[in-house]
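Look for chain A in each of the two complexes below; its partner is chain B in the first and chain C in the second.
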Partner chain A sequence: MEEDEFFGEKTFQHYCAEFIKHSQQIGDGWEWKISKDCSDGYMCKTHFQIKSGTVVSHPGTSAYVQTCLPTEEALELPLDDFEVPETAVASEVIKYEYHVLYSCSYQVPVLYFRASFLDGRPLTLKDVWEGVHECYKTRLLQGPWDTITQQEHPVLGQPFFVLHPCKTNEFMTPVLKNSRKINRNVNYITSWLSIVGPVVGLNLPLSYANATSQDERNVD
Partner chain B sequence: MAEEPESVLQLPPSTAVGGEGLTEVSPEAVTSEPPSSAAVSPGTEEPAGDTKKKIDILLKAVGDTPIMKTKKWAVERTRTIQGLIDFIKKFLKLVTSEQLFIYVNQSFAPSPDQEVGTLYECFGSDGKLVLHYCKSQAWG
Partner chain C sequence: MRQEDISEIWFEYEGTPLKWHYPIGLLFDLLASSSALPWNITVHFKSFPEKDLLHCPSKDAVEAHFMSCMKEADALKHKSQVINEMQKKDHKQLWMGLQNDRFDQFWAINRKLMEYPAEENGFRYIPFRIYQTTTERPFIQKLFRPVAADGQLHTLGDLLREVCPSAISPEDGEKKNQVMIHGIEPMLETPLQWLSEHLSYPDNFLHISIIPQPTD
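After this line comes the complex of A and B, so read on.
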């Protein structure tokens, strides 16, 4: 049944619901959002990550980084950027938002994401490509425009980065076929997100792998 | 040669550049390991020897991915999924445009930084960790 590789919106919502159920059990922070004007929805999660930049070689500046020292000593440290070379970037906190939406045209889930510094400055597409995990970087940098692009979020209408879904079916099919052979029900969303997530800094805790086998109902 | 379920080959160290290929297990090359009762050393700091303890991994191909001639490997616990992916890609002589994915439970891809030792604790059984691997031109 090839139809299993392509699934409809209802199946998407079902798998997302199961996924979120486990997320709630382990406090992983995923939520379901309903779009106001339609009956569809999407999953989302906000995640903060420390991005280590170039090490500042100035003496005394190491404590300047991202600390919120309640002591008065913090005020004595150089507060402004003038003493720090422009090229030296301290570690910064980056806010990532991940959204999982359903693509009607491809009939697969799609990962939208955006990233910004805490002061609201968005990361550029170049920053995003450079932040891709080493594992995938080589392939990605061969043809970055094919893979991560910037598009308007279908529901929010704001610019998001998108991991292009055109090849999703290609890497999902062998996994699904293999699981079907041994009669195991797989949560498509869990499998898919475990594969695409790490590309853009999203790692699923291992407990999701066991959660899927608890869902024994067929989705039809 | 047909598959050799009994042979356990040592995975080359991750610092090896250029792929050393298979290393036959000869009597002197085998590290003397403590009995595989998987016991944790009580209370002490980890001596260097403990972190080198290897786990057995059984690699299975998915889809039309080439099957590795040697499927069973002894791998250091601290080896990451990324390290394993790099090794398999070299072993199978995949080109850089081909991506390789590794799965536990046949359906879940651990993140590349995950250590195989942890995966063994969570998903291992019968003294080994079964990992499925699948190649794909996932993007582009």
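After this line comes the complex of A and C, so read on.
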């Protein structure tokens, strides 16, 4: 393992600060939270998505209408939705919370998330799994270390879902190597989150990528 | 009880839901160390506390969690080199040895996780977690080296002074807390490397409880 692919907590906090700066500019909702004992902090964002399900006539089928997904996803809605009697379509709002923490054991960022209905009922691992796009499921099913598991949030002590961090360096190393080759600064957090986020329904507007190169130009 | 009323089992002691993913000795030290054995806990079959406890759908979940802790401990000790070099059957042997209380079977593999290069004086970092019931944070875990720059071995006291100074009372003051591992209070002068090799839990972590000094 190469030492320069790892970064320390201070570097993590720096990249998060830069990321949040841009988030504030575009109203993307990310915030920095400090732990109660002030010894560390993490990034977090809450957003709401609408899940609509068809009842009775098509048991077991449900389509996610996610406001932040590209249009290809929207086309997956079964046309039957328009033929269903008025009372049968139920819409539910799901609250998603995403937290980005630093793992000192693996020296990488880790994505924690949880989801619940507005009445507080949490989504189960099964529900969450159903929301993962097909193209990611194959990769996740390949190994226990790549999968989504339920773990205790290290600051809040509550159950969250986590994408296991031990493979992070494997996919981040080529990204960082390439950015050095073309001599361009990369915000590790932006790159990393754009890779892992979509797996669990979190998409980053493209302007984050431009934000990094802007900073670089301004610094000179 | 009717079958349909029964949902996931969970355990509780004096109003506190018990985290199944913590070692039972740790839970006892942290919550009930001053009480006499046997430890009386309450078993629930309803109203699973979703906000407090992880779900435990099967024995596989326990195995997955245990192996995840082992992996993390080795990431700290050896940059994951030792555990990643092992075959799947070695990982299985660790879990089966623990599950079936087979000391020799477990240690045949675990001893490799307790080795370090001849040129070093210990592990890269020490896997530890410090627990206190008085904080919202479930535990303190930070990077801490077993050996100082001058080659001196760091002690348990050094660790606490660095990451949890409130745990140690001033030398001339009254002792406010007990620093407990496996139900005993090791001397603060004990080298941390030695504690990590000999007093870790099966998951290779030192789980340290800071509890108020009993007043009797």
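The rule is simple: the second predicted complex is superposed on the first by the 172 of 220 C-alpha atoms of A that agree within 3 Å, B and C clash if a C-alpha of one lies under 4 Å from a C-alpha of the other, contacts with A are read in each partner's own complex, and residues count from 1 in each chain.
The rule we apply is simple: a contact is a pair of C-beta atoms (placed from the backbone, for glycine too) under 8 Å apart; a residue touches a chain by one contact, two chains touch by 3 or more.
Since we're looking at a predicted model, the values are computed, not measured.
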In the superposed model built on chain A, check whether chain B and chain C fit or clash.
fit
Is A:Glu134 in contact with chain B, with chain C, with both, or with neither (first, second, both, neither)?
first
Greater residue coverage of chain A in the superposed arrangement, chain B or chain C
B
Does chain B (first) or chain C (second) touch A:Tyr208, or do both, or does neither?
first
Looking at chain B versus chain C in the superposed three-chain picture, what is their shortest Cα distance in Å?
12
Output the chain A positions appearing in both contact lists, the one against chain B and the one against chain C.
164
Residues of chain A that touch chain C when the two form their complex
1, 35-37, 104-106, 121-122, 124-125, 144-145, 149-152, 154-159, 164, 166
List of chain C residues in touch with chain A within their complex
19, 21, 50-55, 64, 67-68, 71-72, 75-76, 79-80, 127, 135-139, 141-143
List the residues on chain A that touch chain B in their complex, please.
133-136, 138-140, 142-143, 146-147, 164, 167, 170-171, 173-175, 177-179, 182, 184, 186-187, 190-191, 194-195, 197-198, 203-204, 206, 208-210, 212-213
Touching chain A in the complex: which residues of chain B?
62-65, 82, 85, 96-97, 99, 101, 103-114, 118-119, 122-123, 132, 134, 136-140
